[in-house]
């Protein structure tokens, strides 16, 4: 009989090896899928995983990987704090939206004033928006013991409707010929989150994402807060004795993830996206949850997972363009990759034993 | 102008509009009662929608279509069960991945099924009942799946409340360790609950593609699965309130469209937020009273179980 | 710094190899690329654009290569996809949603030798950006006439998507011609706030039917409203939108179905013409707003639910618009508040239509803000 036995601590070897195994397994399963669709599987896999990095136009797509991965990483790093402490913010999408709305509203309030202060104020507004939106589930949890999973999820839909109302109402571009959507912040220099070095993919959002990874790593390893978070997640009862204040921890974890998600929204709306439109939200907040888990809730892991996720998006686009693979096949392929990564994760936390356990009835 | 809305017709149309989310929500409620949070409802629904559609078109029978939808939804749920119950993966992440996968898979399967009309699902002939003035048009003039969904809600209610199996299911959701210590097979019970939930979501999807819309187009569930998740919370995990919640969520859409059609100017976006805000409010009310929350929210919701001994 | 140079050289190299040569003397081979906002399987907007793309391939065979990408979100993703297309050797890129407007212009600025064609927008910031749209209001006018003649309750419906000029223009054209055909007609407008959500579209159609509306035209993409209308058992009618929706033309028992006619978006003539122009060297920047005369707005086959005389009248209107003898917005037409908009015989100018934010006289209710 095969059974699983929980490891006392996650295996270091398997923690590193499982992502590689999962990617290989996905390549095999995906190859079968692509072959079934009548495409050359080797070519398809190469287009998705290789071409964006080393293909003919990699000089363009490599920086784009950073642009695409930045919001994912920024949000996922924030989420990882809470997830480690057993505090489940799954409403990052809503915090991302509200951060973008706050930031864009700040910019539009100053339009067309050309002042250095505009962008920093937008950054503050974006973080404050995300923070405020995340504090709703935090306060309700602290005060009424309401499930933060469910409240934060509900608030995503509310944020979506607010976004639509803003794009059609308060933030609508007065010179937009009656179409929905705000002014394009890319055309408002004081508010534009432009690339810091042209063609590098580095804008303030990418930089902040990298900073967040480093800070999160240090906090988690070296700071008392990191210790408290880990204790709260692994041994909630012991945490009380260790002097962890659960209300404070809830507020910190939800607040941090909300502020970072809000920042991600702000950097996106002022940079790559440029506008508040009814379709501004494209699921980064949800994808980031997956990224957080793929990265094993570890900041460095999240960095790699975010880049891997971005690779499948951009590689998937290339595969559509050059091989005429349907977008649906790419979506299913991404789904498979996630399944394999999640399934193989077991190997790092469990040992597979063959035979009956000792002392079993 | 509001007076020109006929409440009879309003109720009749909201019953139909709410059926897909009602089916998905009642299934998800059973899953959550067993202590599992499956966020992949949207993915299971849309796979149910296309598989049900294909089954109905191929066989010419709507019944076969609903069966096909339910089976496909259950198969998707089995995948989720394999990952979370056997491979111990995180439920939130796995559920999100399931939705992503389901949306892609359904579009792949559905290629070539655009622009086809499925066989019509018959209106249930309730004889003299449907001739009753007012009530007949309001309640007794629908297709049989509407009544089947209501029957399912009643069955789930009775099952959880009165049957031994229902009691065990709730026990697993409250404390899997205790249930395990009592000799119940936690994983097996959860897998079965998940498959039931998947089948319900698949039915809801099939209702969309076979009755509600009826056609197949990519992404046609358009977020219905997420609403189903909200309904379960709104209902505070009670079958009767799931019905109420589904009618509230479905009803708000129907009502705002009816108000518009009647010429009443309303702020659509703000009205559309209302059910979600009400859900949060309900959640606060039931959570604030600690004695009541213990009766409602499954204590083990979202936590994985591993039998260490 | 190094990367910037690399990118610039890549772009320039391609430009010289392909697009640059084309401008002067045409090209033997063209790669035409298409950016779609939805899945090809949406059965509506994107599906029709893809039919146009396939028609290009059909028309020129081996001389053209087509490539496309579906479900591309507007904003940053759109810009990246267009750049990838430009880099991968596309000579002409069609971006088929309003939301791609700024991205199209931004990318066009970086690739001056590649042609960009943006659907339904108004910005042409670079000489290599053209815009194109179709006069869908011509189709709305024809179905408006049919609706005015066919309604028994004198209440007709318009299932609107978003309050934007394109939709308001359609509402006005529809109502104006319904009113000309039937002075007693009343219009009910319902805003769904979606282009595509079948269940919600069905709910919206149901809400209007319950209000006594018996002819509905939809400005959303799915067939759900038609399926809802079908439940009235031959007492209410609708129109196909974007694609023909022929499945609802005839009922299973052979009687005429709820779809009495349709407004079809035909992008093929435009796409074939533009790619052809690129090949023969006659390509120029344009702002195209074509309709029935060019075959871009087509009324699908009218079924037998429409009385023969109404069919003939509708056909006469189609012929007149096609021949250029009739403009659907010909005065006298007043604004909703009763003030004069178009005097007797006056024809609306394109600018006013494209920025239309007012209802015409006789429509009740306000445009949501």
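By written order: A, B and C. Residues from 1 in each chain.
By our rule, contacts are C-beta pairs under 8 Å (C-beta built on N, C-alpha and C of every residue); 3 or more make two chains touch, one makes a residue touch a chain.
Remember, predicted model here, so these are calculated numbers, not experimental data.
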- Message: Relative to chain B, which chain's C-alpha centre is the most remote?
- Response: C
- Pair of chains with maximal C-beta contact number: A-B
- Item | Centroid distance [mean C-alpha coordinates] between chain C and chain B, Å | 36
- In angstrom, rounded to a whole number, how far apart do the mean CA points of chain A and chain B lie? 28
- Would you please write down the residue numbers of chain C that are in contact with two or more other chains? 39, 193, 368
- Query: When you check chain A against every other chain, which residues touch at least two of them?
  - Reply: 164, 168, 326-328
- Residues of chain B touching 2+ other chains? 107, 111, 218, 267, 269
- Within their complex, state which residues of chain A touch chain B. 4-6, 37, 88, 90, 140, 144-147, 149-151, 153-155, 157-158, 161-162, 164-165, 168, 286-287, 289-290, 292-294, 326-336, 338-339, 342-346, 349-350, 357
- Note on the structure: In the complex, chain B touches chain A at residues 37, 39, 79, 82-83, 87-90, 92-94, 96-98, 100-108, 111, 218, 226, 229-230, 233, 267, 269-270, 272-273, 276-277, 279-280, 283-284, 287-288, 290, 293, 297, 301-302, 306, 308-309
- Query: Mind pulling up the chain A residues that touch chain C in the complex?
  - Reply: 56-57, 59-61, 63-64, 67-68, 164, 168-169, 177-181, 184, 186-187, 197-200, 268, 271-275, 277-280, 282, 314, 317-318, 320-322, 324, 326-328
- Note on the structure: In the complex, the residues of chain B that touch chain C are 4-6, 9-10, 13, 16-17, 20, 107, 110-111, 114-117, 120, 208, 212-215, 217-220, 222-224, 253-254, 257-258, 260-263, 265, 267-269
- Query: In their shared complex, at which residues does chain C touch chain A?
  - Reply: 1, 3-4, 6-7, 10, 33, 39-40, 67-77, 79-81, 83-85, 87-88, 98-99, 102, 106, 122, 162-165, 168, 193, 354-357, 368-369
